[in-house]
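Next come two complexes built around subunit A: one with subunit B, the other with subunit C.
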Partner chain A sequence: MRVFWAILWKDVRQEWRRRELVVVMAVFSLVVLVMFSFALGIRPDRPTEVAAAVMWIAITFAGTLGLNRSLALERDDQCLRALLLSPADRSWIYLAKTVGNLLFLLIVEAVIVPLTFVLFNLDVPEHPGWVGFVCFLGSFGFVSVGTLLAGMATATRMRDWLLPLLLFPIQVPVLISAVRATALLLAARPLEDVSLWLALLGAFDLVFLALCIIAFEHVVEE
Partner chain B sequence: MSNSSSLAIETENLTKRYGVVPALRGVTLSVPTGTCVAMFGPNGAGKTTLIGVLSTLVRPSGGTARIAGYDVVRDGVNVRKHLGVISHQPWVYDRLTVHDNLAFFARLYGVRDRERRIRALLEELDLAAWSEQDAGTLSRGMRQRLTIARALLPDPPVLLLDEPFTGLDRHSARIFADRLASLRKQGRTILLVTHHIDEGWALADRAVVLLRGRVAHETDVAADAASSFAATFDALIAEEEV
Partner chain C sequence: MNGRTSRLWIAGTMLVIGGLVSSLYLIFIRTGLEETLGFSQKIFYFHVPCAWVTYLAFAVSGIASVAYLVRSSPRWDRIAHASLEVGTVFTTLVLVTGPLWAKPAWGVYWVWDARLTTTLILWLIEIAYLLLRVFVEEPGKAAKYCAVMGLLGVIDLPIIHYSVVLWRGIHPDPVVISRKGFGAGLPSEFLLTLMVSLATFTLLYVMLVGVRYRLEVVRERVNLLRQRALER
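Now for the complex of A and B:
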């Protein structure tokens, strides 16, 4: 646990001093959101489906940027080796980086999600807490796999394009579940309709997390 | 598994291959507790790979390696509890201050009485005046001193040093050499990898030459002279090149 808190503290402190990662992610996601909202316009036939899909596209793109940068910082300063020398199970390093990345992505989502309602002319959802919960589950699934793959990709010269190439296909089930659940909640459908997608999201998150914890040690070892 | 071994570092027929390229080809090495071994070798001899395997960063392809009696593959956590590693690369965060870097690594390595230990190392390595400066703004020599402070934070009984003098000016090199000498007196075990025979010879009890992933020559420093060792070293390299 000590290693987990130490790395999380360091990532937050580094970001607080520079405000590099969150600002770049937020600006990029805003650009994506605005571009799509202008391109698609307001779709009276399927407003919630379109808004949910565009919102998750913006989250995914911004998240990929953040993941690449977060692990690249460790590699640029050659500090991943110093982290790996800590006398603790290496799973804690993976978990700390994952939670740090999740935290930064959730901060960006605090901007993107309300803006989606505005740009797509949607009412505030009946269950805003559940929308937040879907964002948490979807983002967790995204960063749990993304942190592992970013760790792999940053070790290569092809890191800029390798991460999305590996990450997006694996993320398809999480993204479909997140988009469907968000669309249903935005359409004010009863929670029973959403529960299947929530269960799927939770299941994917757990499976991805378990697999990534097991794989991390092998990924970082030379 | 025990840590009561009289050998702090022990490898037997250690091998490492990267694909089809062999980096270590059966290295057998013993470093008794409280001694210093200097390892010399040309670029590509496998020195950094050996340090990587001993520090659990690189998985060996074959053979065994132990630190303080703990196997590097099966008991990595205990191995890392006994190790301090200094490389020629800094391994510190450019975007954190000198103090924050040390505070982070002290938390990471579970150092007790953190602030006192950090202050002591900053004073000892002549970094106290720069403690609130970003590590990225320091000179190469000062960054290397910060790296040394990072590695010494948990007061490890075994030190693996991979070209630690690289980038140090005379002042920094002297501070570091004095610190290593005092660590030796305190009974720490040191494996020092370097290109500089004079620096290594001055600190070591034994000298080892690594060539093409194998131990090619070993000698006791007390029983040999630096000049004769240097001549043997040059002859071995010339032989390899032929």
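Now for the complex of A and C:
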């Protein structure tokens, strides 16, 4: 457990001193939002479906950037090898990296989600807390698989090129359910309609967290 | 290859050739035209076996991946790799034969139906797996990474299918194993042709995996010899 806090604290402190990753991720997702707005054209009726879809694509792209960077930092200068040489439990190493990545992605979302509302002229949703919860569950599913796959991708010859190819097909259920849940909440639909998607997100998160904890050991073994 | 395996090999090859010829005979000469769809329905006898092999190959690869992670014997890795690679060919065939049939039948090449979408995503996962194999330099590491990817893929596939079903749900209902009982949706003549075709394709899959497996063994041996020669 101490390893978990130590690694998490190291990641947070490093980011606090540099403030590179979160800034680049936020700006990148903003650029994606704006590009999509141009590509879709200015329409008086911006359906909530489109807003939710664009928002999650922006989050996914920014998240991929962050994941690659986070694991590449560990691979450079043999940091990961040093961590593995220590008697620390590998599961805690994985969880610390995952929670760190989740934290950074959530900070980016705190910027990008309100901006989506502004750019797409949406009303403030009836249940802002639930939107936040969907963001959390969606990001969690994305980051948990992403951290594991980034660990693999950064060790290949292609480095950060490979991650999207590995990650996006696997996390199709996350994207579908996060977009649908967000769209329903933005359209102020009753919570019962949303609950099915939340359940799917939750189930994916649990199954893949367990799988990734088991698989991480095999991925980092030298 | 010793005498027994080589005899088995020849027998298998003969069976596949015989099966393919009789499937073609059954499909195009024996079996009549379907009433509403006409000639285009013939592709069904190739499309369905390919889809079956696609999922069989992926399941075999997933199971072999898990076995590799547990036992870490290179045999399991070779099976997982061979099965997935052969499976990718069949998935590609499914994705080609499907739209060819869909255009005359539904009027469009592609619809985002649950089964089509799941197969497309499965294909993307297979491509990702094969790319991962190419881009990891150390063979031991490649085997491990691919086993993890295979494991994630196999567990993810039902979740993907379920989420796509919820997302939208025009593919014809299953006709072979339906609620009405085995083969109730098909005339018996059609069913026989399909069964022969299914058996042939399954055997073809097994043979191809066998060839691919042997190729991998030979390749490993060549690499070993090359390394030894360089060390000298």
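As a convention for this text, the second predicted complex is superposed on the first by the 216 of 222 C-alpha atoms of A that agree within 3 Å, B and C clash if a C-alpha of one lies under 4 Å from a C-alpha of the other, contacts with A are read in each partner's own complex, and residues count from 1 in each chain.
Here is the rule we go by: a residue touches a chain if its C-beta (ideal position, glycine included) is under 8 Å from a C-beta of that chain, and two chains touch if they have at least 3 such contacts.
Everything numeric in this text was worked out from a predicted model, so none of it was measured.
In the superposition on chain A, contact of A:189 is made with neither subunit B nor subunit C. In the superposed pair of complexes, A:127 makes contact with neither subunit B nor subunit C.
Once the two complexes are overlaid on the shared chain, A:173 sits against subunit C while remaining clear of subunit B.
In the superposition on chain A, contact of A:221 is made with both subunit B and subunit C.
In the superposition on chain A, contact of A:81 is made with subunit B only, not with subunit C. Once the two complexes are overlaid on the shared chain, A:89 sits against subunit B while remaining clear of subunit C. Comparing the two interfaces of subunit A, the one with subunit B and the one with subunit C have residues 221 in common.
Residues 2-3, 5-7, 9-10, 13-14, 17-18, 73, 76-79, 81-89, 221-222 of subunit A are the ones touching subunit B in the complex. Only residues 69, 121, 124-125, 127-128, 131-132, 135-137, 141, 144-145, 147-149, 151-153, 155-156, 159-160, 162-164, 166-167 of subunit C touch subunit A when the two sit together in their complex. Touching subunit C in their complex are the following residues of subunit A: 145, 148, 152, 155-158, 162, 165-166, 168-170, 172-173, 176-177, 180, 196-197, 200, 203-204, 207-208, 211, 215, 218-219, 221.
Partner subunit A is touched in their complex by these residues of subunit B: 52, 55-59, 77-78, 80-81, 83, 85, 87, 89-96, 100, 104-105, 107-110, 150, 154.
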